[in-house]
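What follows is chain A paired twice: with chain B in the first complex and chain C in the second.
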Partner chain A sequence: MKKRNPLSPYFAYAKKCFLNRSAYRFDHLMNILSTCLQIFIFWEIYRALYGNKTQVDGITITMLTTNFVLSAGLGAVFCPDDYFLPGKIWDGSISTELLRPISFKGRMIAENAGNALFNLIFRFAPICIIAAVFIGLCPPAGLLHALCFLVSAFLGWGVLWAISFAVQMTAFWLINIWSILTIKNVFVRVLSGSMIPLWFMPDWMHKIIAFTPFSSIYFTPVQIYLGQLSFEEIALRCTIQLVWIIFIYAIGDILWKKGQKKLVVQGG
Partner chain B sequence: MICFEKVSKYVLSDVSLYIPKGVCVGLIGPSGAGKTTLIRLACGLLEADNGNVITLGKNPVKHRGHFGSRLSVFMSGVPLLCLDETVKQGFELIKEVYHIPEKNFSKDYSRLADRLGFNGFDSLIVKNLSLGQRMRAELGASLICRPELLLLDEPNIGLDEIGKAVLCELIKECCERGMTVLLTSHDMTEISKACDRLAVLNGGRLLFYGSEEILKSRYVPTDVMTVTLCGSLPDLDDLPLNRYSVEGNTLTLSYNSNYVTAAEIIKLILEQTEISSVDIKKPDLESVCSSLSEHAIIS
Partner chain C sequence: MKDIANLVGMYMKTTAKSWFQYRVDTVLKSLAVFLRESTEIIVIYFTLLKFKELNGWDIYEMLFLYSLIFLTYGIMIIFFTGLRDFGSTVRSGSFDRFLLRPRGELFQIIFVNSDWFAAVGHGSLGVVLFLVSAGRVGISWTPALALYYIFSIAGGVLIQGAVFLFLASLNFFLLETGSLKELLYYNMRRFAGYPISIFHRFIQFLMIYVMPFAFVNYFPAQYFLRKSDINAFPEIFMHITPAVGAVMYLFAYLFWRYSLRFYKSSGN
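Take a look at the complex of A and B:
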């Protein structure tokens, strides 16, 4: 008998998501346009704020745009589906999913990975090219920094996925989690530096942000890309990212187990 | 294959039920009787408050998701196929999820698609299908992994007469190959064709478990005959009727068909008067159930 590949269902789900995404071309073009507009608006605002200075606190306008482009680009790649579990709870298909002989969490990751791969090729790449041609970007600080950037960006995805995973699990009790997701998204946008670069945050704010996982999502990869961190610091920051992934995932996993228990005892 | 030992949960109280391999059991009872709760307990989506449930030799709650292709569950109203993909794509995913060998899959797929009639629309997106079409596709999806144990909750909702007949045939064939089936339905006539045994639930209690013949002979309730008369009122005092009432020129009789046949009644009426129409109502599921619950209360 042919040996079964236990991962083949997950690849099938990832592939399905990748192909599904390519079906909605107009939506896809509009997404790229909206991200470009967002970058352009931020660029214009900061150009006006900079006036004729070339740098503020050692940060040049090109570094700033690089931060925006990379954060927005990575944001376009990551986009975990916050309504994956709530949607399944709403339409009742959570029952079907729990009975399937595959891991639900594994499936969540697989579907998100399929989406992320699509976004990486068809959103991140075009956005970077458009931004590089029309606005101008900093090149990566070096080949090694570029590689570390990729590793750290991957870990950033993990952090964002874990946050989304943990928040989604509250749907077992709250059912409608639109408000809590909105709060999460505000935190992610403001505290991750994708709206206001963390360089310009006051010191007390830095201290607060240091205790949150949000700067690990986009800001750490951006700093590595720009070469602002030594290799020792890079190793430290990546470890922090990893710790956050494990910590938040563990919380989400406890909620997931309790949520299933609730379903089994009280019914869905 | 499934064993319930004094199980209580929500409406269900003290249900004991054993379903051996290769048997098709039909679970009937009025809405709210606990049919779906029983199915959900059997597949491990609910945990019993009291008593034990053993499915395929294991505790279904602890073992949920690890039965592989041995267990397949279909619940009407719970999507089995993703709504945003085509029927064919949905089946391909199920093939991967249950690790179904390509050879078996293509053979079973063409057979099921042909029998259940979804080969005509298997390239359409699931959410664009009509209810009946979707039910056909999803029933196919629950059979494609060749399960040992199949749980079907209200499988004939939305199916037309041909669809119901095909479903019955498929279930029978599967049982002949050794598959165990537990299904619920409101529709007693359809369900009884496919089932070896019936289990009657009402108000959370298992009132009867056994073959249809025994159910009918033991608990047969009364038939009701409505006669529209053209002439005078006949004298029916000699017949062992349970009840009779007159309203204008309509005569309503209820009687136990074990004691008196419809032919005898009609013969006696025709000897005395003219009739314009006769309508006989056989006991339906509801009356079997209410008759059963009366028995249950008495005993």
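Take a look at the complex of A and C:
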């Protein structure tokens, strides 16, 4: 008997998602336009805030723009599907999903990875190019920093995915979790630095943020990209990212195991 | 007249009943909308904590400017939820039902459904912002000023209602207008929270003549605050919000009457 690669079904799911996404071109174009507009707004606001100053606390306007573009770009790449599990619980298809001979969680990751790859090529790249041409970006601090940025960005994806995974698991108990997901997204947007650069947060907020995983999502990669961290600090920050991924995933996994026992299938 | 009032009462009762079917979920949903919309406010708060002022506007003046957006949207969505969701009403063919009933189509659309989560979430945020800012921006309130404030709110409601009515009418020709609304309305709304004087001329043009958010909050707020950046615009703009609202709504209504003739049911 021919031995099959145990990962091949997951690659198939990832590929399916990738191809699925290519079908909605207009929607896609609007998405890019909307992200660029958002970046443009931030740029205009900060130009007005800076006035004649070239830098505030050592942060130039180009560094700020880079922060917004990379955060928004990575945000466009990551976008975990918050409604993957809740959707399947609502329509009852979770019962057949659990019977399949592949891991449900594995499939969740695979589909998101397929999406992320699509977004990386067709959203992240155009957004960065448009921003670089029209408003200007900082180049990476060095080749090694650029490589570390890629590693850290990958870990940032892991953190955001784990948060989404853990929160989705509450759907086993609450069924309708639109509100909780919305509140989660508020925390992500405010505390990750994608809307307000964390450099400009007051000290007391930094103390709070240090206890949360949110700055690990975009801000750590951005700081590495800009060369604001030494290599020891980079190693430390990446370790912190990894610890958050493991910690949050573990919580999600406990909920996942308990939730399956609790599962109530509506109709079907 | 009396039976219209009865009918409106009945509609409101059924809407309230359906929304408050799941009480915990309702409270959570309103809270989630409130928090989601607060995101922008939190961002402005932290930004101005750092920079003190934006083009001469301090934090309370900014909040006063923002409060008008939320108050008008909160009131507007009580009436125009049916128009916001009109695309799906047409596509599913349920608009046919409205046509068969012995009342005006627009009357039914306005009173049959209200998104109370959005109304409570946006409205309460608007009230909070107004209460925090109105006493601290140097307005000496007189009955005449208060009256003009109410007229401005009404004008802002009508402007946004007119845009929704116009987009809803387009549904008779286009079937799908979701992304147009996203681009024209919700994207532009992100600009509207800031004094438009900081933006590029092209955006100012859009905000005044295409999707006139400037008349919803910037110009009415300037009527009360008289910040120096108003000098870049004709003085008359500060006084005409109620008129702009009335005229826009009238034109949108005429366009709606005209478009109705082209309705073809999607059902069979």
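Keep in mind that, in the parts below, the second predicted complex is superposed on the first by the 263 of 268 C-alpha atoms of A that agree within 3 Å, B and C clash if a C-alpha of one lies under 4 Å from a C-alpha of the other, contacts with A are read in each partner's own complex, and residues count from 1 in each chain.
Heads up, the rule we're going with is that a residue touches a chain if its C-beta (ideal position, glycine included) is under 8 Å from a C-beta of that chain, and two chains touch if they have at least 3 such contacts.
All values derive from a computational prediction rather than experimental measurement.
Visitor: Do chain B and chain C fit side by side on chain A after the overlay, or clash?
Guide: Here the two partners, once superposed via chain A, fit next to each other without clashing.
Visitor: Is A:Met205 contacted by the first partner chain B, the second partner chain C, both or neither?
Guide: So A:Met205 only meets chain C here.
Visitor: Look at A:Ala12 in the shared chain and tell me whether it touches chain B only, chain C only, both, or neither; answer first, second, both or neither.
Guide: Only chain B is touched by A:Ala12; chain C is not.
Visitor: Should A:Ala48 be classified as contacting the first partner (chain B), the second (chain C), both, or neither?
Guide: second
Visitor: Given the touch rule stated above, what does A:Val151 touch, chain B (first), chain C (second), both, or neither?
Guide: After superposing on A, A:Val151 lies clear of both chain B and chain C.
Visitor: May I ask for the angle at the C-alpha centre of chain A between those of chain B and chain C, rounded to a multiple of 10 degrees?
Guide: Superposed on A, the angle at chain A reads 90 degrees.
Visitor: In the superposed arrangement, which partner chain does A:Phe26 touch: chain B (first), chain C (second), both, or neither?
Guide: Second partner only.
Visitor: Would you check which partner chain A:Ile183 touches, where first means chain B only, second means chain C only, and both and neither mean what they say?
Guide: Touch partner of A:Ile183: chain C, not chain B.
Visitor: May I ask you to decide whether A:Cys79 touches chain B, chain C, both, or neither, giving the answer as first, second, both or neither?
Guide: So A:Cys79 meets neither chain B nor chain C here.
Visitor: Pick out the closest CA atoms of chain B and chain C after fitting on chain A and give their distance in Å.
Guide: The answer is 14 Å, the least C-alpha separation in the overlay.
Visitor: By the touch definition above, which chain A residues appear in both interfaces, chain B in one complex and chain C in the other?
Guide: No residue of chain A touches both chain B and chain C.
Visitor: Show which residues of chain B lie in contact with chain A when the two form their complex.
Guide: Counting only chain B, the residues touching chain A are 10, 40, 43-47, 61, 64-69, 71, 73, 75, 77-80, 82, 84-85, 89, 92-93, 96-99, 101.
Visitor: Can you check the complex and tell me which residues of chain C touch chain A?
Guide: Checking each residue of chain C against chain A gives 22, 25, 28-29, 31-33, 35-36, 38-39, 42-43, 46-47, 49-51, 54-55, 179, 182-183, 187, 190-191, 194, 198-200, 203.
Visitor: Can you list the residues on chain A that touch chain B in the complex?
Guide: Its residues touching chain B are 2, 4, 8-9, 11-13, 16, 20, 91-93, 95-96, 98-103, 263-265, 267-268.
Visitor: Could you please specify the touching residues of chain A with respect to chain C in the complex?
Guide: For chain A paired with chain C, touching residues are 26-27, 30, 33-34, 37-38, 41, 44-45, 47-49, 56, 176, 178-180, 182-183, 185-186, 189-190, 195-196, 200-202, 205.
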